[in-house]
Amino acid sequence: MTPAGAGTARENGAGKTAPATDGPILRIDDLVVELPGPHGTRTRVVDGVSFDVPRATTVGLIGESGSGKTMTAHAVLGLPPEGATLSGRLLWHGEDLLAADPARRRAVRGREIAMIFQDPLAALNPTQRIARQIGEVPRRDRLPRAEVNRRVVELLDRVGVPEPERRMRAYPHELSGGLRQRAMIAMALAGSPALLLADEPTTALDVTVQSRILRLLADIQAADGLAMLLVSHDLRVVSHVGERVVVMYAGRVCERGPARDVLRRPAHPYTAALVRSVPAVRTRTALADPLPGAPATPANRPAGCAFHPRCPMARARCRAEVPEVREVAPGRWSACHFAEEVPGS
Amino acid sequence: TTTGGEDGGGSSASGDVTVAGTYPIESLDPHGAQGASTGTQLAAQEIFSRLVKPAADGTPEGDLATSWKAGKDVTSWTFTLRSGVTFSDGSALDADDVIASFQRMIALNGPNAGNFPGDTMTKVSATEVVLHSPAPDASVPGKLGTFYVLPSGVGKDDTAFFNHPVGSGPFTVDAFTPSQSLVLVPNTKYQGTKPTLSKVTVRNIPELASRMTALRTGEVDVAWGIPDDQLASLKSQQDLTVKTVPSSAEFTMWFNSSIPALKDAKVRRAIWQAVDFGTIVGKLYPDTGKAADAPVTSVVLGHAAQPAVTYDPAAAKAALTAAGFDFSKKLRLQFANDEFKPFVQAVVSDLQKVGVQVEPLEKEQAVFTEDLLALKWDINFQQLATPSYDAASNLGRLYTCAARRMGYCNKQLDGLLAAAGATADKQRRTDLYARASRIIWQDAVGMYPMSVSIAYAWNSDLKGFVPDASGLPDFATVRTGGS
Amino acid sequence: MIRMIVHRLLIGVFVMWGAASLIFLVVRAAPGDPATVLLGPDATRSQLDQLHASLGLDRPLGAQYLSYLGDVCRLDFGESHWLGRPAMGAVLDRLPATIDLTVTATVIAVIVGLTLGMLAGARPGGLLDRVVSACTIALQSFPTFWIGIMLVLVFALTLRLLPSSGVGSPQHLVLPAVTLSFPFVAIIARLTRTSLAETMRESYIQTARSKGLTERQVLFGHALRNSLIPVVTVVGVQVGALVGGAVIVENVFAWPGLGSLVVEAVANRDYTVVQGATLLIAGIVVVLNLMADLLVAQLDPRIRTGAV
Amino acid sequence: MAGITVAVEKPATTPRRARRPLLSRVPALVVGCYLLVAVVGPMVIHYDPVHTSLEDRLLAPGSQVSGGGTAWLGTDGLGRDLLAQIVYGARTAVLIGVSTVALSCLVGVLLGAVAGYFRGAADAVLARIFDVLLAFPAILLAIVIAGAFERSVLLVVVALSATGWITFARVTRGIALSVRERPWVDAARVLGVPGRTILARHVLPFTAGPVVALATLEFALVVLAEAGLSFLGIGLPPSTVSWGQTIANGKEYLETQWWISTLPGIALSLLIVNVGILGDQLTARYGRGRTD
Amino acid sequence: MSASERTLLDVRDLRVSYGGRRGARAAVDGVSLSVAPEETLGLVGESGSGKTTVARCVAGLLRPGAGTVTFEGRPLGRAGRRPPELQRAVQMVFQDPRSSLNPRMTVASIIAEVWRTHPVTAPEGDRTEALHRLLADMGLDPEVAARRAGDLSGGQCQRVSIARALAVRPRLLVCDEAVSALDVSVQAQILRLLVDLRGRHRLAMLFISHDLGVVHQIADRVAVMHRGLIVEEGRTGEVLTAPRHAYTRALLDAALDLDDPVPEDGTADGRAVV
């Protein structure tokens, strides 16, 4: 609602520092997404989220179901659900996309920022051959047909689809899950974007396929110098691909920083609990002491720190005061009043 | 008339006339299953000739026959044919064609054949034929109004012939689409006065409201069978002529005299008395209805006026009570046509006022006829026409003990009717039917509330149009005003 | 694809058998003897018997049924004694009028219905959507005979723009076809709206948007074709319903179609025509549904390749 | 992108929201009124369809009748009060509508649920019955049935139900087919809950919403179809008062005595419009065949 | 097998194919496995390998095309045709927590139905109290009894599902991806609950999961399925640390662990190695 960049943004520090030398490719600054709730209420499903995506870097966005990851990604692309209101700033190369006119936003989509969706079967049009869907962005440049087809074959080849000339004529349902996701990635790459938003790109896939797709994404990212925002609820995925992570809980950021540091030494009790609950595959780990209760949702977010009802360290202050995201160590940001006391940090 | 609505009214100047047919013309074969249907009759009388045809007032007049006379015992009738008559294809029409047509009609066993049970026709000479019947039959000339002469050699179901039939009537067929339209053009070989119209189109418009609309927009030039409530607004329209003619049809409400409740003539008379037919007819049929004064209408041979039955509910109630009538029993009043529902309901309403419970039962034609014959009713409503214009085919046929049509049996009546059927003497027959009518009337075999007139409305540009008592107007003599 | 067609054809044959049997049952169970209607109250016993024999009504029901099925297979419904001609001929005579009316009404309904549905469904909940919803509810709620009478009053009687009834010129077709198309427009519009609105919520629409397509490109390039799939099926079924279901409109406009033939034939107990007409209608319905299915398969590759 | 523009253009949807529920209750209220009139009306207004008063025929609305009362909505060609006919017609419409829908619903839901839940032969047979019945346009089949047998209200109900049940069966079958795959049904089966109980407790309740929505829409169709039959003069006996018959009776008086056809036409259309909207509301709420 | 009296569940040469006469595909193509009393067998494999199909056959929701499923030597027929005690002996927990519960029924009525179906398991005396005890056992508040699935969180739903299964005192619990749909933090709660209950009720479990880590945590033995066949079976530790079959190896290679945030001794963050 508020015009982007207006002074209403909460001071949470994110906007003040610009650690990357040449500036981040995308800076999300105090992003708020409100959705209409029941009885005319409005729910802040994304509440003051700020983080940067530096050039040629993969940022992992993790959090449990309903924490607002998808909503954040969609907001970046400018495709929130009907009736949503957005505020804050989305600085794309320093240009505020929220303030830009629709034509400009459309021009960015697909060309500069592309997206990969979770369920490739649902995200591909079932009545069109994949060649047509992949070629849609190149076709917008009024390239000759043969040229478009050549590009489609090239893209499919690039993402490791065998026999691209044949497969390009397939309908989505004629492909296996892995191939579909590859086609989806080819489609995202078709406009040579600078930032790739990948919303749970492997969740619907088998482990073996998942690892191959993740490797493919990492390869592409490295080769093209792409920036990538990888949305996932799976810590293991993010830990493998992400150089930085942002952890969300109930629509807010609770921690962000370099991936290895965050997962090794969490600076937020929620991150710590998440890391603890991931069992190892190759060694036998004991059952973790589970967090009590169910994850908070943006619709009924507890007062104060949203995590306090489940937090083993919660104190009176946590119940009353919403913690700011603050820099607790160089490059490490946490939204815990007592970040320094988190075990393992 | 051209088809568009935009130039509606003025088009009859071209010599084209469009007629709104109430009933569909399904077939042009006057001998077949559809032979008795109004649509087929309407078409057949323009395309074919008959030995004898009814004039507009119903009396028989010569068509192919120049004269006819009955044998002594009225079991045979001799017809003298007009000479020099040709079919529209130029071939001559002679006695062989007449005989062949008669045989074809009997062989097809359609409804018209039912008028001539056991009858045979023989040739005397090229210009004379004789019709023999097993029993004396004075109504033969009247009944022959439904017998049409086709060229000999037309097969039993010769569809090719009836696509472009060859006849000796005033018109020939230009185009025919069953149940939709029939286009007639003058027959250049017609023996009588040739029609001046260049084209007559009969369009089937079954829905009354549509028919009226088409008439008023000028899409059609002639329509008939118009209900009273429509007449006022038609009359107010300048370019339309509206006229009603008495027909042979009469509202006939037989009592089932075979059931205990209605066995007693006193009860039947009382019920008749209990209905205010004067008001009902006056209100519902101010133009096309007239209180009936005999079991057959005044246009029928054998009509004899009877004293009016006056409306007197009090007397009726008293008489019913006196006769021990069971008021708790519901009488079944059956009828078959939606159009009569208001009338039937009005009757039921009046009867209810004196405590007689009547349930109106509207039945599909098939069920109605079956139930009618099986006497599965207490009161039966019918609009009964006498197309032969001869009481023989109404009174003489329906009211005998043998006919068992309404459970009424009266030996004296049987005698009168038999005597009337066995003589060709007009005066004597009228007399005998008058005596029969008195018995029927006084015994209240049925209630006879109303004789029906047919209302016609036509474009005033049409000259020489004669409304027909049978609802089968002839267009041979019609001219358009423009010429 | 071929297998699907063969399968559907087999079902079609079965359906025709079922339809033939059903109509046979209904007609025979009905009270009222066709011979009495034909011959009138004056028929003699022997005349009735003779007609019964020639109608085949004197044989046991089973035998009648079997020979009836045999005749149906030969597309011969026998001689209509009511009309005095082969029943099939009488039925086929009515077919052109029915086809004219049905095709015209369908074309009107598809064009208007799709347009309205698209306008409404592209923006569910918008002003246009609500206006269209109101219109379609109204269109469906007024009895067709009522609409027909009103149109006649206005266009034939008052404005004298169009003929009120009958067949002949293209002008004759306008009022009945428009009347007939009214509820059909509503059905198509509502279905298109729902289907389009549902399609617009699909995630591949989001994908298309993420490629930077304009709303118009998304609508015409991705949403429309997919949202038409359920519409096609319903149009197929509805056109079938129009073939014989236009009775009321036919009645109001004196349109000599198949539907009114059935009504008249039922009243006259003409078994041959009732059977011939209803089975012809059933056959048309079956073929239309098959065509709709083939079209759906053409639109939806998942069905074409047997994946769904 | 829709979201952003929507958001900027329509800042607050709250005020309109507040008014909406009231307005959205209108259809239910109107339909309720009709039901009330159908049930109570005949007790308040006396009307005998058999009784005709020819002196009072074709009176305009508001005229005095010979008996001393006022014909608020005029009289018809037999002098019968139109208001009373509309009220009694409402009863017929509701009676036929409700009975037809109830019969169709009962048969359809039962067969649909059994076919959908148990699948197999029952399902195959039902599918073929659908195919056969759907080969006839519904109104045509109703006409053949209603035209062939002796007139009565029951006949009309049966004729209209002949195809009416199919929609119910289809919807129910669809829901049963999808619900039977739900884990809670599997859980009940693993527990050994008998098939009939599963059908009754775990499957059928989910058909209720869509079936109610469907019944509403079907009710509208039935009332329209009955009017259509009456218009053609098929089905109902003359002693029954029905809107369709009144409209048909009045169609020849349209230009001069417009009220005879128009008023019952309005009564009919008003009911259908409101039932239609109500049905849409219910459909929107319960979905067509959705289970949650 | 050394002692058939030591097996609880025995599946022999199970074959199932879907898709009718033509186009039939074997989803399970000759699977044999057994579960001893109080043992947990993990069943892992890729999507479509046939795990669910096996589970449904065991639970009696699916009739196998060939092969036998026996429980303590007695054949298990289809659900609903089993003798009551066998019916009770095998219960199942499903993947989707929310749709495992009839959304129209309250938790209380769900449990009441169980007791009505198997009166022997119904508590004597006050049922409300018994219900509350049962819910407490599952770590649920008594007030949950009056609620429906829609008003419960995913974790609560899954606890109610487990309560329903355990209300008839089963001997074998089939868990088909029972924790896969849950958030990680809740997943840990449910796993803890299952392990607790397994001990207290002396339950055997057929635990199906595609998450090798979870299986590693709680299964005694593990069977690896691939394309309708069991390609490897053995003690969990052995199979998952020293796989013999190439497919198992591929599966393990593909499986991700947290990108080595933990030193091998596992002490740094309290995740002790057992």
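Here the chain labels run A, B, C, D and E in written order, and each chain numbers its own residues starting at 1.
Here is the rule we go by: a contact is a pair of C-beta atoms (placed from the backbone, for glycine too) under 8 Å apart; a residue touches a chain by one contact, two chains touch by 3 or more.
Quick caveat, the model's predicted, so the values are computed rather than measured.
A.B. asks: Just how many steps, at minimum, does a route from subunit C to subunit D need if it may pass only between touching chains?
C.D. replies: 1
A.B. asks: Would you say A-E or D-E is joined by more C-beta pairs in contact?
C.D. replies: A-E
A.B. asks: What's the distance between the Cα centroids of subunit B and subunit C, rounded to whole Å?
C.D. replies: Whole-Å distance between the two chain centres: 38.
A.B. asks: Using mean CA coordinates as chain centres, what's the subunit B-subunit D distance in Å?
C.D. replies: Here the centre of subunit D sits 44 Å away from the centre of subunit B.
A.B. asks: Subunit A to subunit D: how many Å between their CA centres?
C.D. replies: Centre-to-centre distance between subunit A and subunit D: 51 Å.
A.B. asks: Going by the touch rule set out above, which residues of subunit D reach two or more other chains?
C.D. replies: If we look for residues of subunit D contacting two or more partner chains, we find 1-2, 147-148, 150, 251, 254-255.
A.B. asks: Note the residues in subunit E that touch 2 or more other chains, in rising order.
C.D. replies: Touching at least two other chains: none.
A.B. asks: Give the residues of subunit C that touch two or more other chains, as numbers and ranges in rising order.
C.D. replies: 31-32, 149, 157, 209, 251, 266-267
A.B. asks: Applying the document's contact rule, which stretches of subunit D touch subunit B when the two form their complex?
C.D. replies: Touching subunit B from subunit D are residues 48-55, 57-58, 77-78, 147-148, 150-151, 233, 237-239, 249, 251-256.
A.B. asks: Would you pull the subunit D residues touching subunit C in the complex into a rising list?
C.D. replies: 1-2, 128-129, 131-140, 143-145, 147-150, 220, 224, 227-228, 231-232, 234, 244, 247-248, 251, 254-255, 261, 265, 268-269, 272-273, 276-277, 280
A.B. asks: Quick one: in the complex, what on subunit E touches subunit D?
C.D. replies: So the residues of subunit E touching subunit D come out as 56, 59-61, 79-80, 82, 84, 87-88, 90-92, 94-96, 99-105, 113-114, 117-118, 150, 161, 164-165, 168.
A.B. asks: In the complex formed with subunit B, which residues of subunit C make contact?
C.D. replies: 31-34, 36-44, 47, 50-51, 79-85, 89-90, 93-94, 97, 149, 152, 156-157, 160-169, 171-172, 251-254, 256, 260-261, 264, 266-269
A.B. asks: Show me the residue ranges of subunit E that touch subunit A in the complex, using the header's touch definition.
C.D. replies: 46-47, 153-156, 183-189, 191-192, 195, 210-214, 216-218, 236-237, 240-241, 250-259, 261-262, 266, 268-274
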